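Both complexes below contain chain A, partnered by chain B and then by chain C.
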Partner chain A sequence: MATISLETIRKVYAGDVEAVKGVSIDIADGEFIVLVGPSGCGKSTLLRMIAGLEDITSGEARIGEKVVNKVDPADRDIAMVFQNYALYPHMTVYNNLAYGLKNRGTPKAEIERRVKEAARILEIGDYLDRKPRALSGGQRQRVAMGRAIVREPAAFLFDEPLSNLDAKLRVQMRVEIKRLQRELGTTSVYVTHDQLEAMTLADRLVVLNGGNIEQIGAPIEVYQNPASTFVASFIGSPAMNLLKVTAGEVGLALESGSGLSGPNSKGKDRYTLGIRPEHLEVSDGPTDGDGLSLEVTVNVLELVGAESFVYASFADGGPEIVLRVPSHARYTPGETLHLKALAEDVRFFDADTGKLIG
Partner chain B sequence: MKRVQFSSASLPYLYLLPQLAIIVVFFYWPSVQAIQSSFYLEDPFGFGSTFVGLDNYTDVLESSSYGEIARFTVVFTLLVTFLSLSLALLFAVKADAVLKGSSTYKTLLMWVYAIAPPVAGLMGVMFFDMHIGPFLEVARLVGWDFRIGLNYFDTAFAMVVISVWKQIPYNFIFFLSGLQAIPKSLREAGAIDCRSGFRRFWTITLPLLAPTAFFLLIINMTYALFDTFGIIDVVVKDKAANNPITLVYKVYMDGFRGGDLGGSSAQSVILMFVVFVLTIFQFRFIERRVHYN
Partner chain C sequence: MYRTRLSDHLILILGSFMMIGPVAVIFLTSTHDAVEVHRHGLMATWGGHFTDTYRKVLFESGGFTGQATGLRMLMNSMILGIGFAVGKIVLSMMAAYAIVYFRFRMGTFFFWVIFTTLLLPLEVRIVPSYEVVQKLGMLNTYSGMIVPLLASATGTFYFRQFFKSVPDELLEAARIDGAGPWKFFIDILVPISKTMIAAIFIIMFVYGWNQYLWPMMMTSDEVYFTLVRGIKQILLVWVGSQIPDYNEAFALAVLAMLPPVIVVVVFQSWFIKGLTESDK
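And now, the complex of A and B:
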């Protein structure tokens, strides 16, 4: 168990490709950190630098008190779970789990105790004599987890461990990983591009974009107050509606010309207005007050079961917006809707930098 | 494996016919001929033959020179197989680890394979030549009076070196592609689990290369037993005299130089039997330990 601290970590590949551009994070002991971002954002590279599988171009990485920049992966006291599990195909499940311990000179009885314990926790006790090729995807995933657990390392590193599983197993394993991490209290860094996984697993989320950190925070904090339009559109499904508006004499105007009335951002006349789909509400007509009020035409109604999504657009074109409605609500394409939202639910972003205002 | 339904029962045999014809004409027919003539004493000028039963076999097995050549063949085969496999593996592992200019290394290591065995033999003979050979300069430095074709050990040494040199590229290609087929994440998992690269090689890399190595073991033994003929022929310059030769070369010498077709046939039947036993042994006892993905 240990803290992990990264200080202005950079990774530059041959040919001057800068994959990670000076990232600093302090991870507390026992914390579950999720690195999330689109492909190519540098999240995997960052994780691999913590593991020691990639060299750190500049900056300093510490696990516990020790600077690990030049430390061999095997000496960093970390365990990693790979996307394709990376089980040793020629070894039985037992030997897959025991291999890392054997190489560290752990006594045989202790290895046996730990493997048995991990097998019990993960319910893989029946497969210990099998080779990985005789296991299903979910079982392999458990063995990969087991290989990490038996080591009792200072930190777990997960590199998209669930992306090769089918949807149902993924949800099941997600819950299990979270439970396991709570029980063991081991510091964990988890990489994923799946924002749902990120939201549900993380104590703190690190949203990465183009090698930079966009935002660090508790999942709900990131969801409610995204630091930028990038985070707003990446976290949450469907994403936050973003409307580029100019404040006129009467209300606000979209670039396409459509008007709407809404709260003013302090002191700016051009800004991006953000509103989550669930905060938009259908009203009987135009509303007054300092809330958001707009008029749209329904394009599509998407039924997903527990709720429905309405995709609608403004009279003069412009951005399509999404709102979340109860599953029993029925709207037909072409129908005109008046929408409103509370002023407190509206977020403002700088029109040029995309950063959250206020 | 995909099952294919043929419209006519004879069609699959028709497809197999060219392959079968080649096997029959170039393997079964000569084999049967060899077995047959091994029981006859052949007139060297082709004026008929006499049935002598197992005399050819007893003659061969009782002759002291045959035993000596058989011993040399065993040593030669084991040396060539072991050295060409282990050196090729070493080169492949090193070339696999090279990042910059790796294709240049690989090409340089591979192209020896394009050389025909007699040409390789000729190059080797020139390399070890008593008058112009550059190797002799080196040998002289350590006080080794190297005499190819005159000294039994020196000639054997040259034969082994040339044969190994010729076979390394072939093994190298297979080992390298075998190494590259090992998933990167597996090596990385190994790097986290095991600090020692040497230990990692023995416990992860080598077991995963085992199918390749087993295939190469069979190919290399066959190579050392039979395909080195051209190299040996060039080294001994068609006149073996007291120089070391392998069993295959003796078959050729007795049959085509000595005109003893019966004895030569008996030898080739013995050789065929040995290879047969060897192959069965390899598949039964070694392949069992091999892990196939």
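And now, the complex of A and C:
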């Protein structure tokens, strides 16, 4: 159990590639932090710096009260779960779990107790004598988690642990990781590129882009008020609709020329409008008021089960927009739709910096 | 699915016959007595002197000093073959470990230096090597026969390639689990290399077993005679009216062939295991 704090952490690789550009995060004891971002955003590098597998170019990393910049991974009191599990292929599951404890000189009886306990929690007790290759992907994943649990570390570090599992198992393990972390109350840092995993697991999300933090916040906060167009387009599936508009004399105009009416941003005449697909609603005709109102042509209807997504575009092209409709709704391609949205659901972003306005 | 046809079997049978035929002839010839072999050449029938010949070859002394019994030579060959194989594996594994897992100045350069020694076979450097061994006072010792040949570019290269294919996460997991460089090598790397080790063991054992020139240079004492040299020794009595003991030479040849065959048979199951099961 420990807090982790990072202070203006930078990582520069040989050849002046700056992978992480001065990141500061304070992680509370027992908190589940998810680092999320597209590939190459520096999230894995950051995690590996916490683990001690990469040197920290500058800045300070602390686990508990201790500055760990120069501390060996083994002495940082952390445990890591890898994407490809990294189980020792020649050892039985039991020995895989016990290896770290043996190296630390833990008494045999204590090792046995802890391994049995971890096996019970993860329901892998029946496989303790097997080798990793005789296990399925999900079972290997559990063993990898078990190896982290038996150590009873100050923090768990997860490096995209579910990426190698099939969709169904991924959902199952996701729930399990969450439950486990709650139960054990161990501080956790979890890296993923899957925004759904990030949303469901995190106490707090850290959205990274190009080595910088775009936003830190609770998942719902990040979802509702994305700090930038990057976060808006990264979190949520399908992503938030972003419309670059110019405020004219009669409402708003898209770059392509199509008009729409919508709430005005404070003082700016060029900005980006953001609206989530679920906040768009089909209406009978153009609506008045300070809400958003626009007219689009249906391109594709995508039925995903409980709901459908309608992909539509403006009369003269422009950006494609997505809206969520109930699955019983039927729209045919080519059909014209009037859409509306409440003013309070619309977000404004600066046209140049992409930052949230207001 | 491919169905095996008669012609496939014919080709395989023919192939095995070509391989086994000469060996069978050697074995059958060794069961005849020397005079008969001298008179009629190679034999394809059972001669009935099997126990006599082999007992004589294994337990009765030959050579000038009478210290070189077949058993002794068998043991010498074993020491040479196993010493070669084990020594080369240990050395080349450690060299490859250093090259792959440690950043040191000019590491790649050193690797290529080792690699280019492939271009310098033993025969090229045999005179200076002899000089070195002689100055170290290691002539007529087992270590003199084995140690100078232990550096192995082939082995180092194989292990380097293998280590490079081991996922980095395994090292990282081990580091987090508190394993230092030495522990990682012994606990993780060596066990997962075991199929690789088996493959190299086969190659190196046979190579060491079949050494002829080098042991002959290094040792003059008959106590250190190997089987391969022994065969030659028997045929050297071609002086005067004496008939060489062809049967004994053939018997020695059979004995000389057996251990490498056993090694290959024993290790091949590991070998195939290594090819079919991904153990990483």
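The working rule: the second predicted complex is superposed on the first by the 358 of 358 C-alpha atoms of A that agree within 3 Å, B and C clash if a C-alpha of one lies under 4 Å from a C-alpha of the other, contacts with A are read in each partner's own complex, and residues count from 1 in each chain.
Everything below uses one rule, namely that a contact is a pair of C-beta atoms (placed from the backbone, for glycine too) under 8 Å apart; a residue touches a chain by one contact, two chains touch by 3 or more.
Quick caveat, the model's predicted, so the values are computed rather than measured.
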Combined model on chain A where chain B meets chain C, clash or fit: clash
Which superposed partner A:F309 touches (first chain B, second chain C, both, neither): neither
Chain B versus chain C as contact partner of A:A51, first or second or both or neither: both
Overlap of chain C and chain B interfaces on chain A (superposed complexes): 51-53, 72-74, 78-80, 82-84, 86-90, 99-100, 103, 133, 147
In the complex, chain B residues that touch chain A: 183, 185-186, 188-196, 199, 203-204, 207-208, 210, 291, 293
Sites on chain C touched by chain A in the complex: 167, 169-170, 172-179, 183, 187-188, 191-192, 194, 277-280
Residues of chain A that touch chain C when the two form their complex: 51-53, 72-74, 78-80, 82-84, 86-91, 99-100, 103-104, 133, 147
Chain A residues touching chain B - in the complex, by the definition given at the top: 51-53, 72-75, 78-80, 82-84, 86-90, 99-100, 103, 133, 147
